[in-house]
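Here's the structure we're looking at; comments come further down.
Read from first to last, the chains carry the letters A, B, C, D and E; within each, the first residue is number 1.
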Amino acid sequence: MNGVELRNVTKAYAGLTVMENINLQIADGDFLVLLGPSGCGKSTLLNMIAGLEPTTGGSIHINGRDVTGLEPDERDIAMVFQSYALYPTMSVRRNIGFGLKMRGMAKGEIEKRVAEVGELLQITPLLDRKPSQLSGGQQQRVAIGRALVREPSVFLFDEPLSNLDAKLRADMRIELKRLHERLGRTIVYVTHDQIEAMTLATKVVVLDKGSIQQVDTPENVYRRPANRFVASFVGAPTMNFIDGKLTHDGDDIVFDSGSGCLPLINVPAEIRDLIGRPMTLGARPEHMVFDDAGISSRVLLAEPTGPDQYVRLAVAGSELTARSGPEQIFKSGSDARILVDGARMTLFDPQSGQALLGS
Amino acid sequence: MNGVELRNVTKAYAGLTVMENINLQIADGDFLVLLGPSGCGKSTLLNMIAGLEPTTGGSIHINGRDVTGLEPDERDIAMVFQSYALYPTMSVRRNIGFGLKMRGMAKGEIEKRVAEVGELLQITPLLDRKPSQLSGGQQQRVAIGRALVREPSVFLFDEPLSNLDAKLRADMRIELKRLHERLGRTIVYVTHDQIEAMTLATKVVVLDKGSIQQVDTPENVYRRPANRFVASFVGAPTMNFIDGKLTHDGDDIVFDSGSGCLPLINVPAEIRDLIGRPMTLGARPEHMVFDDAGISSRVLLAEPTGPDQYVRLAVAGSELTARSGPEQIFKSGSDARILVDGARMTLFDPQSGQALLGS
Amino acid sequence: MPDPAQDVLHYSATPQDAHQKGRRRWRPQWTARMALIPAMAITIFCFYGFIIWTFVISLTRSRLLPVYKFTGFDQYGRLFANERWWTAMQNLAIHGFLFIGGCIVFGYLLAILIDRGVKAEGLFRTVFMLPLSMSFIVTGVIWQWVMNPGLGLQEAVRALGWAGFEFNWIVRPDRSIYTLAIAGIWQQVGLCMALFLAGLRNIDPNIWKAARVDGIPVWRVYLHIITPMMRTVFFTVFILMSAIVMKAFDLVVALTGGGPGFSSDLPARFVVDHILNRQELGLGAAGAFVLLCTVIAVIAPYIYFELQKERSGRGH
Amino acid sequence: GALHAQTAEVLHWWTSGSEQAALAEVRKVFEASGGEWVDTPIAGGGNARAAAVNRMLGGDPAAVFQFSIGQQLRELADQGLLANVDKVASEENWDQKLPPLIVKAAKYDGDYIAAPINIHGENWMFYNKAALEKAGVDVPKSWNEFVVAAQKLKDAGIIPIGLGGQPWQERIMFNSVLLGVAGREFYAKLYSTLDDDLLDSDTMRKVFETFAALKPFVDEGSPGRNWNEATSMVIKGDAAFQFMGDWAKGEIIAAGIEPGTTVGCAFAPAIDTAYIMTVDAFAFSAMDGEEATPAQAKMAHVMLEPDVQIAFNKKKGSIPARLDVPADSFDSCAQTAIKTLQDEKTHLVSTGLFGVPSAVSGAIDDSISNFWNSTDMSPAEGQAQFHQAISNAK
Amino acid sequence: MRYNRLALYGLLGIAAIMILSPVFIMISTSLKSMDEIRNGSIFTLPADPGFAAWGKAWFGDCAKTLGDTCGGLSSSFMTSVKIVIPALFLSVGLGAITGYALAAWKMKGANVMFAALLVGMFIPPQVTLYPLIIMIRELGIFGTIPGLILVHVIWGVAFTTMMFRNFFKTVPEDLLKAARIDGAGFWPLFWHVMLPLSLPILGVAMILQFTYIWNDFLLGLTFGGRAGQPMTVALNNLVGSQFGEKEYNVDMAATMLTALPTLAVYLLSGRMFVRGIAAGAVKG
């Protein structure tokens, strides 16, 4: 099989297991994003694929070849680091070409390849500068160039954009996406930023505490989270959670939190099976609907972000966030009526946190 | 006058003027956000208000008192830094109480105030830790506590949230906003993150290259930018700009970019006066409408972010970004029809960059 | 518009500032200046005062005690006609090169070896730094023993059966200067090692990872990437070791006594010998002044570098 | 300085066993006559001299301090730092009892500023009798004979000259050669006038040639060696000869050998008899005036008392500074020296400490040591360099 | 991989042996008798190790001296301690304060003054003894321990200032700003914030200054007078005399005894030393 495959990979530091029995298949040409909170083991996993950290158990296969015991440079991979890790005393040109030179490539050929990469990443005018003379975004581009020039079959990125400011991050994101479409190589990309995961990935792996929570397309991870951890980690502002149970309110089904009943619309039919059992309802801010049929709630705070507006509401004993358009005016302390789009909500088992209804 | 006032403030470093004739009035209780790109002089301005940088010219008044020559601790201000700047060798308790101790406050009184602040910021259990034993968000809270405890009349914040990750940033933002509503003190807040500016400010000052571009409410800065710089700096993804002119297309008014005509809807009446003159049209992604009446465009890339989706389009010789809901599917290379919401667009003079029609 | 008088009124009325009664408080900046006075006094009176004094004395014919009968630049004439002085200056160059070079090379090598992740790191580090605790006099005495051809290493190796073994540099006029470097390096290599090790530890570990992914052999990483990054450390080491070379006195006295003949003399010893033993204060002062000028020529770039570094560091 | 009137701090560099024993003789008598002795030993002549001067400059002088008599002492007197002991000297008529050369050196402006305590001879040659016998050579009477004998010794596997390769030891050997080749008049004239013609003369060339001819006869380990290690080589028979001052006798005695028995002493080969003298002396800091305090005067008195002179010098290995004390209790070498010195023509001064200005002294040491240790310098070059160094230092 | 490791440890081992062997020679010689020293090689182990020489070095040999003291090191040990401790604290303290003032308080000419001060690191102290003697005399403290301490401070301040200034330059500016806003003036900022921060570099400066001052001979000899002769002067008296039989075992024992305190400091603080250097001297 082409691509990358991890079989029962385990990692322990000084006896402390930080990762156990990881199994993962990354198809050729995938843009796989490893998403998870700080310390969950993303970098460790990436480093094991790169060969920078030895595995404690299991095996790693790249393009069908078992690379578990190989050195990084024998694995046909390239890597880009958050801190760029450019060689500070070399010019951009030498930074990019140095790996080729070490492989004994001819000078002329190196020149050619560096020029091509420079062209592709639009850093040709910077080729003779030192890294310290570049802005953060330019440095990141050079770091990518250094990976590109080697033409490996797998690219590994460890939070490559997190040192950049918001604007630049957005631009670089688009560039990376285009680059992937153009080269068609496998990419494994680590981030803790869910927007990056959503926009870049063809497949997202959500990690928590060294174990895989969900492997799916970005859309599914967002819309059908496998469990409460994934649901709360992905999405900003975060998903609203309310404990309670589904009950009938006349013909309608409502969600009874014990201190109030939240009306639901567009309720899918299969949900009726769950009526009465205790559960947690999860609803994203954009799936809370301001509607006169809704439950009455008190506005705590309105956060206009420009295109949208997030409103914190006190309702049925919880604090919830709902999204609205920027025009509507919410005064703190005033009243608003709110309901939940039942077609888009997620229901979780309160004990295990697993999503109810096959996601 | 209460609050903060800057009169003709000028700043030069070694002869190089980085800031000239800044005049600014910050009303008592305002939450004023200084917004601008890196290096535009935000920190410099804040430091001058704090007394950490001497002014080269002009004067600074706090609560009606000329503080231009005073030491920082005589100005009745407190400041919170991006890097937190906690004293690494002191416990949280001592960190917070240090400023009071320096003022010679009695021990018991310090204890009391520190405890209050700890309560307020929910850091009571952390009071005996060292800063290095705290997470970033906790450190930032302590830094805020250190400012709060002094009960100054003006708070200064220099990018206090930019070292935090996205999730934490969103939470802290809300906390800050609540804190401001609760204490009612004047806040001057520096950031280059427009979301922070939009959500926190009662008044935004947009700075560029040491001069003030616009002073207004967040809504107005977003919806009625004073010039092209403000328009492009505020909002992410950034506003779309197209050069061309307004022309008649039958009864309708369209925007003619030279290589295609962009249909407009909801065109305000006063715009008719501008027909024919060269100008730049600015439209934010959420004000681009997918509509069969629109101009045909080619989809370059679709970026789903979760709640929304940003679509890059090639249209009328430009590349534009439009926002749509997450459900619709845009395949790269496919066709989409697009038009602009004329009620929300902004028009700029192509030479000066100033907004046309009094904003 | 509040007028200034009103400002003061308002000011003293503010509760926090009531105790100041409208007067400007004592500024911490002034305290900072006061705190510099002792060091400034030492710098001006002791360092520069003494340098000037030395220069003045070098223009006199003082012998045992300073006398202020001026003879112009006669002492410099005598100094430059003195063969021993030139030998000493030449030795300074040789010793400086070997000692500083040796400390840098060996210190760096040891630091690299330790940095490769050895087990008993603490033990090795401590061992390498042990000689630092010895004075130069002690160092000289020990090495005089070890290098003495009749008693030390040469004899010991010969006793083991290698009859032709020669290690008699200390008694050879053309080699004795090298023995100074050996003993000096032995003593100072630990400090250099510690400095280099600290520098190596400050290097972003991702650089190492990037180099491994690039498939760069370890020695090349050190040569092409790490070493250039350690420029500041090299400079620090260079300056510290230069200071030692310029002041080298005790070591020469204890190790070779400047001999054989004056083949291993150094300027600092020349100067001290003339001032304290030969009662040639004027000549010694002239030598000292020439030595100081040499020093300034060496450290001027350092000072320039320091200031430059900080100025360029400001933008970040 | 606020010590009791009869208290004297004595700063000296005599820290070795025999030196301390000798000095103890002075101390015993000084204390017996009511003085109180505060001892400040500092090893190394250079260190001690520097400390004495520095403490004087610093206003915390030692009342009595060991110093070499000559130019430097006069410079201290010039600055008013010294007290004189004229009263004692005239009462005891030092002018008559001390050798005239020493009297001259100990006086500044007609006042005695130092008390000479002894005379060391520098042109001694110590030899191991057994070694000479083994090689079948006699004690050489001339430098030509010496070279022949040395060759024989070398052939027999004995190191001919046990030399401590330090400049001052090399100079002692050189001066012996100078005296032996050029004669005492030449020596005296050369060092008192530093005359260019003499320095350039053929005689001088011959001195350098002879000196150079000795180079093959020292062992490899010579450079840097201490004099007592060299003496020990002679005692053990590893080396045959050592040219050294009579303090070497102390080392010989310490090894349990009576000087003149198995280890012999003789003057270095020479065309006429002479004695190169070097003198240990004590000077007196000006404590409250130009005149010595009672304690200082007492010290001066004690040091030149005949009994002290005998007891001290026997332990020290030198001979009394006063030539009028009975010689019979001294060893045979010392007796020879005392007898020799009765003839004033034999009085020569060492270039080490008081014969010539210290700058010249240093220049002499430097250039001789340089010549001796260089492998490629011809005698002519050595002579030229010697001349150059002396003129430069004058 | 394996062979690499072997070579690595091999090289380190050789280096360690080369560094240690002179110290080993000293110790083993100090445990030998004089006969053994005369007849054996310096590299052999003592046949019958004994501490007689150490006793002699420490207590002296009263039979050989004039009797005021017995010439051992014991008498001057306390003198050394009395000199080193105040000199250490004063020179490091002054360096810390000066370095702090230069680095943390933006003052015009601070860099020039620092540059000027650095020159002091390069002046051989021997060269300027005379004016220093006169200066100390005029202060009325020549020949006393306080005088000697002052001299050590003068010659130590350039080095300690350099260490501290370079360290304090790495302290983030925001921290200083925060303290100023908190109203911490010059001294509170120093005591409460900067000094606690500088502990690693303080350690390094203390260790190096301790070594320099403890090992000093010249300044002690010149400025100590009679009362202030440190251990190194006693050591010199023991081993430095030109005349008379040399007792190498006693010499070596005395040398080791003199070096013992500094040796102990290095043995006990090796890790701290490297960490301190990493914290300050190198970052620059």
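Quick note on the criterion: a residue touches a chain if its C-beta (ideal position, glycine included) is under 8 Å from a C-beta of that chain, and two chains touch if they have at least 3 such contacts.
All values derive from a computational prediction rather than experimental measurement.
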Next on the checklist: In terms of touching chains, how many steps apart are chain D and chain E, taking the shortest path?
Outcome noted: 1
Item to check | Chain closest to the middle [Cα centroid of all protein chains] | outcome: C
Checklist entry - Farthest chain from chain A, comparing Cα centres? => result D
Next on the checklist: Can you identify which chains form the pair with the largest number of contacting C-beta pairs?
Outcome noted: C-E
Checklist entry - Where the centres are mean C-alpha positions, what is the separation of chain B from chain D, in Å? => result 91
Next on the checklist: Between chain A and chain C, what distance separates the C-alpha centroids? Give it in angstrom.
Outcome noted: 54
Checklist entry - For chain C and chain D, what's the span in angstrom between their mean Cα positions? => result 40
Item to check | Residue numbers of chain D (touch at least two other chains) | outcome: 50, 57
Item to check | Residues within chain E bordering two or more other chains | outcome: 129-130, 180, 185, 239
Checklist entry - Which chain B residues qualify as touching chain A in the complex? => result 38, 165-167, 170, 173-174, 177-178, 181, 192-195, 198-199, 218-219, 222, 234-238, 284-286, 301, 303-307, 312, 323, 326, 332
Checklist entry - Which of the residues in chain D end up touching chain E in this complex? => result 9, 13-21, 23-24, 27, 37-45, 47, 50-51, 54-55, 57-60, 62, 226-229, 247, 250-251, 254
Checklist outcome for this item: As the complex stands, chain C meets chain A at residues 204, 206-207, 209-217, 220, 224-225, 228-229, 231
Checklist entry - Which part of chain C faces chain D closely enough to touch in the complex? => result 63-65, 78, 81-84, 144, 148-151, 168, 170-171, 173-174, 176, 256-257, 259-263, 273-274, 276-280, 283
Next on the checklist: Can you tell me which positions in chain B touch chain E when the two form their complex?
Outcome noted: 47, 50-52, 71-73, 77-79, 81-83, 85-90, 98-99, 102-103, 146, 150
